[in-house]
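The structures come next, written out as structure tokens.
One chain, chain A, appears in both complexes that follow, with chain B as partner in the first and chain C in the second.
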Partner chain A sequence: MSPYLTSLLAIVKREALRFIHQRERFIAALVRPLVWLLVFAAGFRAALGLSIIPPYQTYITYETYIVPGLCGMILLFNGMQSSLSLVYDREMGSMKLLLTSPLPRWWLLFCKLVGSTAISVLQVYTFLAIAAAFGITMPLFGYLTALPALVVAGIMLGALGLLLSSFIKQLENFAGVMNFVIFPMFFLSSALYPLWKMAESSVLLYTICAVNPFTHAVELIRFALYLSFNGSALGWVILATLVFTLAALWGYNPARSGAGKRG
Partner chain B sequence: MIFKKLSALSTIACMLLSTAAGAGEIWVTNEKDDTVSVIDTDTLEVIQTYETGERPRGITFSKDFSRVYICASDSDAVQVIDPNTGKILHDLPSGEDPEQFVLHPDDTHLYIANEDDAITTVVNTQTRKVVAQIDVGVEPEGMAVSPDGKIAITTSETTNMAHWINTETQELFANTLVDSRPRHAEFAKDGAEMWVSSEIGGTLTIFDTANQSEKAKISFEVQGVHQDRVQPVGFEFTNGDTHAFVALGPSNHIAVVNAETFEVEDYILVGRRVWHMAFNADKSQLFTTNGVSGDVTVIDVASRKALKSIKVGRFPWGAAFRPSP
Partner chain C sequence: MSGLKVSDLSYSYGPKRALDKISFEVEAGHFCALLGPNGAGKSTLFGLLTRLLSATDGTIEIAGYDLAHAPRAALAKLGIVFQQTTLDLDLSVHQNLSYFAALHGLSGRDAAMRIDSSLERLSMRERAYEKARALNGGHRRRAEIARALIHDPAVLLLDEPTVGLDAAARHAITGHVHALADEGTTILWATHLTDEIRPSDDLIILHQARILERGTAQDICGDAPLQDKFLALTAQSA
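Let's look at the complex of A and B:
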């Protein structure tokens, strides 16, 4: 077996094992979006009126609107969780061991990305199944067409996690990620409210939302769930993935990174 | 690419299904535009808009679909239109402010509710003459006729009654109380039952036609919507009269009622202030008129899901189906 494939399988297996052994993490990752869906959305369904916007062809409840955003939320938190685990690995030394492998660094990071995205996508489908059990359903084919969108969005957010992990030197700093990355990214996006509604209150906020890569990840998932293709969202997501990946590779450069220096 | 292919596949599937269902048109009166919009039941798009008299509301087709009758309320006329050309052929003497009407199974007599005059006018569509005028309660609106044509019903909004008319003598033979502001009436189960919706009362009352006694009453409760906004108006029955789809006005929902158990089984979100509705040929799709949002929502009857909302004119009110010419 090619050493590339061996390393890919090994890293994905390690991610899967970590996932299986941390059931609490899996449940916690599901509870968060479910609370939003079943509590927050129920409270706001009467307050927030939605007009018909693509890809929807008719009126939808608020619960239905936020499902793609909550799928994005799972991917976002998992991407960040993955970055947290990288920081932990680096502190504990296992990351150092991994990076001393003769395989190219970019390949190792790519394997890590694939592993964490696979776990994220699995969690998204579990969330969609629970939502369906509560009567919040998408078109049947939509669950299939959403897969590539979820993978692309998952890789983008995973790449962002990698980038952050290359700059965070200590585990304690992760709280900063929550405050300065996750919350702004999530709330300044189309996950919870359509952008036209944001434009009504502030054009500046609308502009920030419109350039937020997370908005485009959510829209890509939203359109895919409704059997539609959003080319511009895909373009934005691919561009952001490239930028985050290249920056992460630069961040993990042994000549620059803390890991390299300590190693 | 895969999106496009799947999308194309589902479109083809939809087209095949709708072709099997039988092509047709839904005609929708637009109360504030003085127009009628024609929707193709295959493509779910507006294919034609015709001008009508002022404030068109009630709409129905003749048995052979060669004529469409429209209540032009503010023109004080029932207009007869050629559906193939959209041309207004002539007016019928309708009495003042006709709002709703029903065509007798003999395809000749129209029973028209005259809201301002508290009367029901019976017009012969062939001779274009008024046959009878029957005194009913204040602000008559809902109209129905039994399948055998022997009984006509007028509901009066302010008197809160269903008035039972013997169509042979053109006289009232019974009056039954219903909840506040009755809006619409329909016979079900081969005429054995008569259903009346009460807008302010928020209920549907079901009568036994044989003795005009109340058989059941149905209330509605839409999650997250204040009870004052749950106002039943138009309703229609599915094949075999197993279920009734009921428009709940400003609650923006359609209720699905089991016509055997009289239980509400489902609520479907549609546009704002849903008023009346019409089925397609095989009753697989339901088209609801949403007045405030100015659109028509298409519901898949089997899955009870809203498929699409189609923009029409301002304040769509009534709807009627005809097969494609």
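Let's look at the complex of A and C:
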């Protein structure tokens, strides 16, 4: 087997084993979007009227509207969680093992991304299954066409996590960054409300939402779930992935001495 | 085959000089102890040798490969035991070693045979399927040394590997690593404990970013105990 494939399988397996050992993380990751779906959405259903906007062809309930956004939420939280685990790995020393492997560093970091994305996508499908059990369903074939969109969005958010982890030196600094990244990204997006509604309130906020890569990740998933393709969302997501990945590789460059430890 | 060669290596953290133009060579199959008090620059040197830090001045050659120009070939020849444990405590010893083997591109029967043989060398085979968390400090260290040998490195770096271990475990690990040198592996062993060094070992005394002495331990301290000589040398230059 090629050394590249061998290392990819090993890193993905390790991420999976780590995930299995942290069952409470899996439950927490599911409870969060389910609370939004079953409690928050039920309360806001009456307050927020939705018009028919693409990709929807009929009126939809608010619960149906926020499902793609909550899929994005799972990917976002998981991307940040894996970033946290990278900072932890660095503090605990196991990151050194990865960074001193003779395989190219970009490949090893890419393997980490693939591993965390695989776990995220698994969680999204579990969430979609529970939502379906509560009667919130998508077109049947949409569950399949959403897969590439979830993978691309997961890699983008994982790359963002990787980027953050390369600059965060200590675990204690992590909570603050999470608050400054997760919440603005989630609320300044189309996850909970369509952007035309935001435009009615504030053009500035609308503009911020429109350039937020998370908005495009959510729209990519939303369209894919309804068997439609959103080319501009895909373009934005790919562009953001490239920017985050290149910046993360720069962050993990030994010349920056970010990966080492003073002694 | 050449072992480890360091030439004119310098490194600074901002204005603070951590290493100042140090040069030394460890011949293939030699056990070289790197002795220095805390803050001497040992961990910085290990950071540079393992490419976790990037040297701005000087060169490092590992088994003939220049670390700056051929990093992957050089790292493939290098085994590393870090000061801080890097085992995944939730995984078994075997799972930890398999993960490491894969990071070096080794898989299947080849990896399994290498893992068995490394564990055997460190007398750890019967503990292969125990969780790392269940091992005591000495056995965890031995598992890490076994792991560092899977890819058959020409040079093995150990950064204060006996920190926190009791006397018996320290003695056993020092013995195992000396045996590896006898079998042809080049060893660089960083420590601040003089009793881990044998008279015939190569010795480098590092202090305040510079090399104070180089030679065999016997040559450096003559009939005097190494501990006394080390304290006298580091006190003089302080």
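Quick note on the criterion: the second predicted complex is superposed on the first by the 258 of 263 C-alpha atoms of A that agree within 3 Å, B and C clash if a C-alpha of one lies under 4 Å from a C-alpha of the other, contacts with A are read in each partner's own complex, and residues count from 1 in each chain.
Going forward, a contact is a pair of C-beta atoms (placed from the backbone, for glycine too) under 8 Å apart; a residue touches a chain by one contact, two chains touch by 3 or more.
Quantities reported herein were computed from a predicted structural model and do not represent experimental measurements.
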**OP:** Pick one for A:L227: touches chain B only (first), chain C only (second), both, or neither.
**Re:** first
**OP:** Figure out whether A:R32 sits in contact with chain B (first) or chain C (second), or with both, or with neither.
**Re:** neither
Original post:
Taking the superposition as given, does A:Q57 touch the first partner, chain B, the second, chain C, both, or neither?
Top reply: first
**OP:** Name the chain, either chain B or chain C, that contacts more residues of chain A.
**Re:** C
Original post:
Is A:S7 in contact with chain B, with chain C, with both, or with neither (first, second, both, neither)?
Top reply: second
Original post:
When the two structures are overlaid on chain A, which partner does A:F141 contact: first (chain B), second (chain C), both, or neither?
Top reply: first
**OP:** Applying the touch criterion given at the start, work out whether A:K197 contacts chain B, chain C, both or neither, answering first, second, both or neither.
**Re:** neither
Original post:
After lining up the shared chain so the two structures overlap, which partner does A:T100 touch, if you call chain B first and chain C second: first, second, both or neither?
Top reply: second
Original post:
Shared contact residues on chain A for chain B and chain C?
Top reply: none
**OP:** Using the touch rule from the top, collect the residues of chain B that touch chain A in their complex.
**Re:** 2-4, 6-7, 10, 224-225, 252, 269-271, 293, 297-298, 306-309
Original post:
So in the complex, which bits of chain A are touching chain C?
Top reply: 1-4, 6-7, 9-11, 13-14, 17-18, 21, 92-94, 96-104, 108, 253-255, 257, 259-263
**OP:** Using the touch definition up top, name the residues of chain A that touch chain B in the complex.
**Re:** 42, 45-46, 52, 57-61, 139, 141, 144-145, 148, 224, 227-229
Subject >> In the complex with chain A, residue positions of chain C that touch it >> reply: 13, 18, 39, 41-44, 46-47, 50-54, 71-73, 75-76, 78, 80, 82, 84-88, 90-91, 95, 98-100, 102-108
